[in-house]
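Next come two complexes built around chain A: one with chain B, the other with chain C.
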Partner chain A sequence: MADLALIARIPSVASAVLGDLAGGFYDAIREGDGESVASVAAFVSSALAGAGEELGLGALHRVGIAGEKRALAVVVLGNSVVIARIEPAASLAAVERALDAAVGTGG
Partner chain B sequence: MDPILQSLMDLAGVTAVLVFDSAGQLLGHRGHTVYDQGLCEQVSGALAKALDAVQLQQEDWETVTAHFADGKLVLRRVIANGQTHVLTVVADATLNPSFATVAIRVAAGKLKRVLEGGPASSGVGTGSSAARAGSSSSPAPSESRPNLANSGLSWSKISNVGLSRVSVADPASGAFLARCAKELAQHVGPIAKVYVEEAVRRVSPETPFSMAVARALIDDLGAQIEDAADRTQFQKALAKA
Partner chain C sequence: MPNASRPIDGKDLTKLVGLKLGNYRLERLIGRGRMGVVYLAKDEALLRPTAIKLLSWKESDAQGHDPVRWFLAEARLVARINHPRVVQIYGAARQDEHCYIAMEYVVGRSGEAMVSDGPVAPEVATDILLQAAAALHAAHRSGVIHRDVKPANLLVGAGGVTKLGDFGMALGSAEVSAGNAHVRVGTPYYTAPEIWTGGAATPASDVYSLGATYFHLLTGRPPFPGNDVAAVEQAHLRAPVPDPRTHVPTLPASCAALVARALAKEPQQRQASAMVLLWEARHVLQDLASAAAASAPAAPHPDPAAAVPSPPFAEDRRGPAPPAPEPLRVLGFTRRPFFDAAPPAIENGWEPLASARARILERIDLDQVPVLAITGGAGRGHSALCRRIAESIGRERLGVTLDASPAAGDRGLVQLLCRAAGAIVEEVSDEACLDALVERMSEERQHRNRTPVVMLTSVVVPHPSTNGLARIVEAARASGAFKILLTGASGLAAALERCRITPGDDRVPEVSLPPLEREDIERYVRGWIDATLAKGAGPIIVSRDASLLLTLRSEGALDRIDSICENMLVLASSEQRRTLCSWHAWTAADSERWATRPLDALPRRPAGWPPPEVADVIDVCRRGAGMPPWPRIAGREE
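Showing the complex of A and B:
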């Protein structure tokens, strides 16, 4: 299980949510609607994982969603999903590296 | 459209390129033999649904990058005539992310022009699709370069990819942009030029870039550098300009 408090302390992480691939919601830090975030992230992760499987890309590790001003990073850890909202969007790559270090993935 | 897709297929590590609309309808694809039309149509539908959900949380999404055990999926939003289209690159683990980011950005710009009914660039995206089908030619880097002859802006020593149009007020301003890209490249790599172009559009959206907004540009670009010491070094180097 990921340490959400540790993730929320990563610079540029505005909020963090922990859920699972079924859309379940476990915890949130600085996120007002963690349930919605968790359910959307679960759906996106499942859909992308399915597409990746069709394309022979193997297991889904991580998703980065970049917008003009903010970004989202979704890390899949087994059945769990960690979602970090990132501001500014330019910090996405740095946060993804920090997330990999925090949750022990190399994706 | 085919030359644009083929230009992405020419990148090391890219195994397939797809374009689909917001409903998931496949508009074009290129790929290795295993990525046939049926598979691409199926994947397009699944990805469109995923992007519908992304839209709920991140309405202004521009790029989605999915990292898998054996490769990557990069989805780039292309808005043409008010409609969302998606340029999707399927790649294995050998893909160079920095180079791919630039190439996809350039391809997305060309695709937008094609989808809007105009030419992608000189010699690209014109004529019937039948005439284009099967063509594996990709534009030479020089074909996608903006005309900077009167701007004093020279990119030739920085990189030869990832260019889009920027306008400058005078040669000195152009030279300053070139210097910004060169300095920034030392910290962020080959994507520096793209960052400079985007920063110019932010700090001077309505008028050609001029030295009057140079300070704002330096501050904007500094935000792209994560390391504080590097950022200071970058700002100091440009303050001398």
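Showing the complex of A and C:
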């Protein structure tokens, strides 16, 4: 399981949530509604996992969603899902690299 | 229009109290009709109240008719109809200057008086329609067109018995039909389009008028209201038929379909006869009874309603769910989800309680099982299961569902069932109702070669109508004309035996319904949401903890699931969110619906959700699902 405290310390990570692919909510740092975040991330992961399979990407590894001001990085680790809220959105790529390093999924 | 109180020979017809006409002593003026005034009189020979209608027209008013002949023709016309739902004529005579008809006095209220208090309850309005259609059919079979069907001419007496009266405008369809100029008759709000354009009155125009009357009773307003006759005329001729569900959203689709057909502009597009209208009214009545049974409250008896998913909307003969209320439209729902515990399309044809349904259907087919009990805890879905069974068997045999809970109404169980089955009776006694019920069921059995099934839901024993229940069971056993499904709490069969409703040597077999498991509930909720959310609308996400709490709070009872889920959606809508989470599942009411509540009356999410006591409950749920406890460190700063 990912070390959420470690992830939350990555620069530009505003909050972090740990959940699972079924929408279960396990932990949160600086996030007031981790339950909803975990549910939505699980929904997105499930939807995109199917799309990834269709597109020949293989098993889903990571999803990045960027808005105007904030971004979200969803990392799938087996059955677990780590969600990092990123501010500003421009930091998404850097945070994704740091996330890969933190959870050991870089490649 | 003539003044009904104008004297026929200079005397005021409204001041004849005390006058004796034949055996009848006039006691009180009770009405003024198009052709006369009506008194309540006492038949001094038979000692019964009688309505006396006195002619008031002069020859000059009669447009070429002999007014006395016209008046007496009405009596002859109505007398030959001879139907229990048509006001009975006792006699007609002329005495001195007074020409009068003595007829049955119906103690009660007219449909007009009832609707002056506002819309009439749908089941009552449909019951009235059903009885009026029976009367109208009898009139048509006698060659009589009523021509003035309207709420004022429907007299609703004791026990809801409805009678069609005032055939005063029926002339022209029989004795005095020849050689007279066309006169448009009827009351504008209820007059068929072909009459407005100068066409002849037909049974179809009476069907139209009865349809318009039904609409008025249901909604509290005529289908085409207005003060200007010309505008009303144009609306009858050209305006689209209004949907009564616009005013009463809870009406079943079959009700709206009945109204739409009855008010079709083209006579040939209406119900082919008043009898067809009656059959459709029976269908509506059964749907209403089913819906009432499905929405019966859980308390105090452990046996309300719930649901069984089923065929897609397109195949659901009850038609689609009604439009979504405003808060749910905001979320993108086009139809109302969790509406009546009769869920829609479920993926892969999955249906909760499917195995129970299969077992019940199997046992219904066994000749040696005239009575079967379906039992389980509160809200296990008995009523909706019965409805699904009714739908399953509906193509091959009659199924009648009735809420038999003590709260269902103040009429006796036998009479309620009689009405729900569409059996017409003159008397309101249980004996007469049972006879009519058995006769109707026997006809159905003979017609379809399959035994009809009566489904009494939410049965509690002892029942306020224990005798009625016993007699229904006895009628089913003795006649073999129908079978009975009783739904209630566990141990119902033994309770029936204790109360001597069923003989001790022949205990009623029971089929027990299990509560829904969490996985079933999740599929059920997803099925409803997917079926009623507009295509292209954003997803509605249900959190894991919300599902767990929903399972806990509903106890697997579909009626509570329905209430909680709809209220969760309303709460989410008020927050402009599309994720249903534990706060929604914890807060949403499980017995009342919030869809019509003002937003500011809804609960607000507190800061720091969940409080410790709720987190403890969530933990219990999580433990059962193999999940770790709720993270108490949520929101922590590190």
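By our rule, the second predicted complex is superposed on the first by the 106 of 107 C-alpha atoms of A that agree within 3 Å, B and C clash if a C-alpha of one lies under 4 Å from a C-alpha of the other, contacts with A are read in each partner's own complex, and residues count from 1 in each chain.
Basically, a contact is a pair of C-beta atoms (placed from the backbone, for glycine too) under 8 Å apart; a residue touches a chain by one contact, two chains touch by 3 or more.
Just so it is clear, the model here is predicted, and its values are computed rather than measured.
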item: In the superposition, chain B vs chain C on chain A residues touched; value: B
item: Contacts of A:Glu68 with chain B and chain C, given as first, second, both or neither; value: first
item: Partner chain(s) touched by A:Leu60 [first = chain B, second = chain C, both, neither]; value: first
item: Partner chain in contact with A:Ala8 - chain B first, chain C second, else both or neither; value: second
item: Chain B versus chain C as contact partner of A:Val40, first or second or both or neither; value: both
item: Which superposed partner A:Ala90 touches (first chain B, second chain C, both, neither); value: first
item: Chain B versus chain C as contact partner of A:Gly50, first or second or both or neither; value: first
item: Chain C-contacting residues of chain A that also contact chain B; value: 36, 40, 43
item: Parts of chain B lying in touch with chain A, wherever the complex brings them together; value: 16, 34-35, 39, 42-43, 46-47, 49-50, 53-54, 56-73, 90, 223-224, 226
item: Chain C residues touching chain A - in the complex, by the definition given at the top; value: 539, 541-545, 577, 579, 581-582, 609, 627-628, 630-631, 633-638
item: Complex contacts: residues of chain A adjacent to chain B; value: 36-37, 40-41, 43-44, 47-48, 50-52, 54-72, 88, 90-91, 94, 107
item: Residues of chain A defined as touching chain C within the complex; value: 5, 8-9, 22-36, 38-40, 43
